[in-house]
Amino acid sequence: MSHLTNTFAGQKQFMNILDKFQKINTFMFDVDGVMTDGGILVMRNEDMARIMNTKDGYALQLAVKKGYKIFIITGSSFSGVQRRMNNLGVKHVYFEVKDKKSYVIKLMQEYDIRKENILFMGDDLSDLPAFDVVSIAACPADAVSEVISGANYISNKEGGRGCVRDVIEKVLKCRGDWGVDETIASTI
Amino acid sequence: MSHLTNTFAGQKQFMNILDKFQKINTFMFDVDGVMTDGGILVMRNEDMARIMNTKDGYALQLAVKKGYKIFIITGSSFSGVQRRMNNLGVKHVYFEVKDKKSYVIKLMQEYDIRKENILFMGDDLSDLPAFDVVSIAACPADAVSEVISGANYISNKEGGRGCVRDVIEKVLKCRGDWGVDETIASTI
Amino acid sequence: MSHLTNTFAGQKQFMNILDKFQKINTFMFDVDGVMTDGGILVMRNEDMARIMNTKDGYALQLAVKKGYKIFIITGSSFSGVQRRMNNLGVKHVYFEVKDKKSYVIKLMQEYDIRKENILFMGDDLSDLPAFDVVSIAACPADAVSEVISGANYISNKEGGRGCVRDVIEKVLKCRGDWGVDETIASTI
Amino acid sequence: MSHLTNTFAGQKQFMNILDKFQKINTFMFDVDGVMTDGGILVMRNEDMARIMNTKDGYALQLAVKKGYKIFIITGSSFSGVQRRMNNLGVKHVYFEVKDKKSYVIKLMQEYDIRKENILFMGDDLSDLPAFDVVSIAACPADAVSEVISGANYISNKEGGRGCVRDVIEKVLKCRGDWGVDETIASTI
């Protein structure tokens, strides 16, 4: 947990964020800049490829298996993401979402999720409004400056380099759900 | 604006460059080494893919929406760039331009743009002559040495890692046009 | 051998690990995060591409030629890996392995290999159980924290950046098998 | 030329290497790890893609235009490299070369080139024997340790990150051939 202590200045805030992590049962993730490093591979005939991370993949599968809700909310529309997420067991993938705050509120109502149970991770301005309606507003180490200012948890990992695993691992460790699961292949 | 102070030695030059930023309403960008890190993915049957950046994508869309003129001027010919730029709302994409200086002058006449309104960003020797005919001659942090010497604004971001967003953000902030726009998805 | 001295605190442990390296004649490698940096290129129609490393390729070919046994044991199923490994002369590639520890035991029986002869390299939790049944439990510099804690050899190279070559080179140097072989192209 | 002074300890050696650079009219380059960072993109159906660098591309075109001989000598066989090199004006591309030293000698005879005129750049053990028969044995900053020990010029740029441009630029500057050429697009 030493990363947490670095992230927050005072002891009181540190306790607050630990409390918050223990109550999370729902993860919401942006795709570009969070599940990827923000790179888009532009090819001639294909729609645009992305590079994702196998270490994140292990954590996503474990979280699904332990019963956590996971939602992918992205402004883009890219069929490869759907396929990758489905391979990992993540069923809720929402494309072409522009107003993410309204979308999060809609999902909270539809799936009966409370604010205190949600961790949302985003990296760019379009993610910022959604920070208001969740408990943990998380971002990768290389998020844009406005998002870093607005987050209450800044991962020490960058987008596409383990920031998704970082937040899942922290929550699952707080709740006793983290560990080796021999039925999970990190790279399905 | 602290980046600006680092980039320029004296207070007077600092004021000059701020003045210049405030007058920009037209952006001209090279592609390879500016919108990308200079990498070209060489495949067997495809023409050559490039990796672009979603954070740049948000800034380009916002600039278009706020009425800025954006021109892409590249020596290469790659259909994927056309498609990506069109997705972001950028209509003016010029391929196989070898003499960029003459091309900039042609565009200035055709679209009635004055020198003081133009920011041009390039990274390699073929971009250098065009620096003479624009107000802000910008380059990424990893431009070649001759271009760094010739530029009057050196971004602290590298090609493909946010240098395009950096200059757009600086101009739009100077002019009160920067911010969250919930109708923009960074990764269309 | 100076890397080895950095990796292990005391002189006695240093001698132990050198002893272990000298007895290795069998390598077992995970793919994602070991032969690659963990990145998965997600495209629309393809299964998911990986980026491997030519310097690792030279070492794998040399080890095959010198008579070492090499096994690739991965949780994923990706035909490109099969082809690449076959090009390098590596014949034993096992896909969709979830319980790697049991699989290693099975291979030891099938190919009559003793524990003291095996170096296994992995980077993530799914590799950790297999560490119990091998002599050298190796990992790349950027393995997850649990794997770094469990390994008895931590390469100073990251996954996809030469960690495979590092362990092959160390073993082959200990045994007098390392060197220039003019019949090997690093990049077949 | 400040890089040169860093690379060589004494003043005398510094003069020697400058003398050598001034006599170069022929470049020979390995591909993987020199024109690329050593990464190979392994896909399902394609042969294996590589990432090359546009800054190197500008230098290669300028060297061709100024009349330098350029030979690409690689152990691999990849049609994309042929196409990319032809686009840049490089006609001599030799694939599946295993014994590079013999091949260099063959080319010297065939094209009547003397040892003192050749700069050869490679990064791995298979390149090492060829170092004996050329004037400047160059390597990227991230070559393997044996190659770094054997080289008499170590670029401060890594493979795929400008090491090819570095040596071309140094030679062309020594001989008064370097500069902006407005008929060259860096990214043809």
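List of remarks:
We call the chains A, B, C and D, going by the order they appear; numbering starts again at 1 in every chain.
By our rule, a contact is a pair of C-beta atoms (placed from the backbone, for glycine too) under 8 Å apart; a residue touches a chain by one contact, two chains touch by 3 or more.
All values reported here derive from a predicted model rather than from experimental measurement.
Because subunit C and subunit D share one sequence, their contact can be compared position by position; here under half of the interface residue numbers appear on both sides. If each chain is reduced to the centroid of its CA atoms, subunit A and subunit C end up 31 Å from each other. Taken residue by residue, subunit D touches two or more other chains at 41, whereas all remaining positions touch fewer. Viewed as a contact network, the protein chains form a single closed ring in which every chain touches exactly two others.
Listed by label, the pairs of touching chains are A-B, A-C, B-D, C-D. Remark: subunit C residues 31-33, 36, 38-45, 48, 74-76, 96-99, 101, 123-126, 128-129, 144, 146 touch subunit A in the complex.
Residues 41, 46-47, 49-55, 57-58, 78-81, 83-84, 160, 165, 179-188 of subunit D touch subunit B in their complex.
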